[in-house]
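There are two complexes below, and they share chain A, which is joined by chain B in the first and by chain C in the second.
Up next, the complex of A and B:
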């Protein structure tokens, strides 16, 4: 394998420093076999610039920490192999989210806010009985819930969403998918009007203009187009009955 | 005016993984104010990476029929190689079914029993139609029954997202991107923590009637680990650095049999539990040769050793990253792999460019879990300081002894969160909080001075990343799966040197704000102390038990070593002080595990070497 020299152009800005201005800095790096952007960015930090900010946690595509724009496309840096990229690589932080510095953005606060606004927890009046057998559920239903539950809240669908980029309160595909997860769960006793209250607005499902970049960009292949359609259909029916 | 922000609460939980959040929920449900601190947004915690499942003796699946807490207890004790506390194991096994059902009540989409026939390892399994729709289980290592409840291979993710949804519902305060630098204490009682905000770099003080450490493991002390990069053992070393709180059994380090080569990302035990094989370079399934009874599903310590033993005999597959063996799940079929093992299929595709539906997966045993940690009693109360609790992987409760069973870590986090959380709530309701403000100023001042010294490179210009690499190499090379006196002595002396050098780290950057080099520099001394405790404990323990395997002392020695190591780090000491305490045996006296080198059932492992 021929080892390339990579030119990695990285967005730099520290919003905490009033004298700092946004800029792009270029780092050159020898490519190694099996190199991911996780490996590359850590090498740059340890060998070239220890102030460089970015977020990784699991480095295995599971935790959703490292979403960024890689040559313009929002995706997870940890599972992006450099060999899939050209010699010139441009890394920018995900838009929409608050910038913490360089490539680090505050997805955590954004997603917590969405979960609170959509009341993303099981709503039930039944108490928990520690002595009782669990309530039964078909395995198909369990798998259907898990399909939506898999979302890792990386924010790639949000960063790549035109609506989210111009409407700061839009919950985006991740928010809608989160609501869909509870809608298919028989343990959640909310009726469709209760869901309409949290998602039936222009900041919820009706804000989506159907560009479907979210479905293209989801790094773990959640069928977001289907989830958006499902929630939109249910909420359109619920809205009609108001 | 104070130059730092000061928060005060009833219960302060450090760590927002499953254990911390479950304890926080228990305390908040009892009307207490709770603040959770976390290095990362809670849902990014390493609990989310647990794949395979959570053990609880529900006995719903056909292969789990007749299971009960007694069997779970016995499996856990044997798995621990009799190193665990049997009162804790009993408490745990009895509560695990309640915990798993409560998680179902809160929303975890556990896979359910389907009344169907399946072929497993050549045998037909018929599920009981009367159990249809109840929580099912898969097979895991070292268990007599199929007991591991799961959601595909994203069990930790489902559990953590569900747990966090309850934290949100209860309105519990979470301060993420916050790192604890030290515990505030007066040698008798813990009053809270000094922390650093990872957004701004500012120091913050939290005081609380009770402080709870739930920061997980220290996998990143080893260069090759399945663990997330945040698993640096910070909760353990801040407790150790009080000089009063001991760490239990730090030499008990789990190596998971199947980390993928060369990124060392975990390939779940569920892959073998669901019927996967381990193959050598000749594509021979070698585990039945060593472990005729349990095959690929002996306990993790045993399977990891058998793999390395087989590789040493020359049956490993050569690669630029060292020899490895193969994991073969092809025969499970595309549908099973793409639903029940989807995450690991994606890991294979993304990080190795291979498809486990058609290809073999290259694997080697990899550091995975810490049985050791902050020593607590059965109520989760840390030894040595009042008002301090610990639970989960950060603690040595001690459920796992010298080897943890797969599926018992998720179960421990949730069960301990429930049980210890209740004790925390009871303690906190009675406890008062009185401290002098000068004590807090002293603790903050100490950290401010450390930071200033690092920025100015006042004590030297040692490079933090260089020290870190040397520490990782020292542990990986000398304190691994096979241990013996020579390499362990080498590790101890090297760590002694690294510790001294760590006091002379200086930053190469300006250290301003949330500077990542400064964050690493603030951790390095504590991390090296943990590494030192591991190596020193391993050198002292002249026997083999569970994951701790001494080639120069290959047998378990219950006469001399049926005891738990307690590592203390007195203030100003240059090395840990090791003490020991007896292991509590209540129901099951030391005996044969039923697998592993010492068992009568096991094939003679040295016959062909």
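Up next, the complex of A and C:
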């Protein structure tokens, strides 16, 4: 493999420093075999600029920390091989989330807020008996829940969503997917009207304008179009009866 | 929860407006395609076109169509206006966003908003002309054989594009479809309807020239 020289243009800004201005800084480095952006960014930080801010934990597409705009596409840096990219690579932080500095954003506060607003926990009046055997559910249901539960909360669906970019209260695909997960769960005793209170509005499913950037960009391929449509149809039925 | 939010929470209005937007949109697509097929009756000859036009006027179908289009367009515009970013700041953000993420369906939505706004003006002009002049092949041929040709060509492209993207988005949002095959099918349908429209215009243009 002939080694390319990569020009990596990185968004730099420290919102904590009142004298700092947002700018793009270019770093050049030699491409290596099997190089991911995780490796590239660490090399830049070690060899060229120790002040560069970016987030990584698992470097295996599981933790969802390294979501960023890679040549505009919201995706995970650790899963992106440099060989799939041109010689010039532009990296920007995910929009919508609070910018901590350079490529690092705070997705946690946003997702915590969504969890509370969509009431993402099992609602049940049954008293909990730690001795009792767990209730059974069909394998099909379990798989359906698991499909939604795979979300790693990287925020790529939110950063890529035009609606989320201009409407701060919109819960986005991640929020709707979360609600879909509880809708199929037989242990959750909420009826459709209770769900309608949570997502049957412009801030919820009826705020989605169908751009499907979430579906196109989800790094772990959760079928978000299907999840959004499922919740939309359920909430339409609930809204009709209201 | 803040006070101003308690007024709007748990109401079904957001859902109803969404429903009005979808249903009026679907009806307008059906109307547009029927309309274009009717106009294409000129391909069967002047007599076929005039017979169809006469039939529609005799049974007041033309009046019904005008009333329908005013109501449907009114409802659709009313419903979709809430979607168009109204503030200058939002406009800047949304165009920058589209440029940054380079995502086709995001661009197509922006074009949908632009074509929709332009069409509102074109539809008003078109309806006025038809209501005041009536439908007749000679009148149409004369109009098409003038500078108005450009009006119809632009209108044709905008309307078919807007209808196609709108139908795509409605079906994608409500599910039941495979997104990428739907896009292919609608692209072919749109090329065919634009082609049919252009051929009809060409026939009118040559009729106007020979008169």
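Operating definition for what follows: the second predicted complex is superposed on the first by the 242 of 242 C-alpha atoms of A that agree within 3 Å, B and C clash if a C-alpha of one lies under 4 Å from a C-alpha of the other, contacts with A are read in each partner's own complex, and residues count from 1 in each chain.
Throughout what follows, contacts are C-beta pairs under 8 Å (C-beta built on N, C-alpha and C of every residue); 3 or more make two chains touch, one makes a residue touch a chain.
Quick caveat, the model's predicted, so the values are computed rather than measured.
**Q** Under the superposition described at the top, does placing chain B and chain C together on chain A give a clash or a fit?
**A** Overlaying the two complexes on chain A (C-alpha atoms) leaves chain C and chain B fitting together cleanly.
**Q** What is the value, to the nearest 10 degrees, of the angle subtended at the Cα centroid of chain A by the Cα centroids of chain B and chain C?
**A** After fitting both complexes on chain A, the angle is 160 degrees.
**Q** Which partner chains sit in contact with A:201 here, chain B, chain C, both or neither? Use first/second/both/neither.
**A** After superposing on A, A:201 lies in contact with chain C but is clear of chain B.
**Q** Report for A:34: first if it touches chain B alone, second if chain C alone, otherwise both or neither.
**A** first
**Q** So, does A:113 touch the first partner chain B, the second partner chain C, both, or neither?
**A** Touch partners of A:113: none, neither chain B nor chain C.
**Q** Identify the partner contact of A:88: answer first if only chain B is touched, second if only chain C is, both if each is, neither if none is.
**A** Neither partner.
**Q** See if chain A has more residues touched by chain B or by chain C, and give me that chain.
**A** B
**Q** Scan A:20 for contacts with chain B and chain C and give back first, second, both or neither.
**A** Touch status of A:20: no partner.
**Q** Based on the superposed arrangement, let me know which partner A:191 touches: chain B (first), chain C (second), both, or neither?
**A** A:191: touches no partner chain.
**Q** Across all Cα pairs of chain B and chain C, what is the smallest distance in the superposition, given in whole Å?
**A** 16
**Q** Provide the residue numbers of chain B that touch chain A in the complex, in ascending order.
**A** Its residues touching chain A are 40-44, 46, 48-49, 98, 100-102, 104-107, 109-114, 132-136, 151-152, 154, 157-158, 161, 165-166, 168-169, 174, 176-177, 199-201, 228-230, 262-263, 265-266, 320, 339, 343, 346-347, 350-351, 353, 465, 507-510, 512-517.
**Q** So in the complex, the part of chain C that touches chain A is made up of which residues?
**A** So the residues of chain C in touch with chain A come to 8-12, 14-19, 82-83, 85, 90, 93-94, 97-98, 100-103, 105-106, 109, 169-170, 172-176, 179.
**Q** For chain A, which residues are in contact with chain C within the complex?
**A** So the residues of chain A touching chain C come out as 69, 71-74, 92, 95, 160, 162, 165-166, 196-197, 200-202, 206-213, 215-217, 225-226, 228-230, 232-233, 235-236, 239-240, 242.
**Q** Considering only the defined contacts, which chain A positions touch chain B in the complex?
**A** Going by the criterion above, the answer is residues 14, 16-17, 33-34, 36, 45-46, 49-53, 55-65, 79, 81, 100-101, 106-109, 111-112, 115-116, 119-122, 124, 126, 128, 130, 132-139, 141-143, 145-146, 149-150, 152-153, 185, 187-188, 220.
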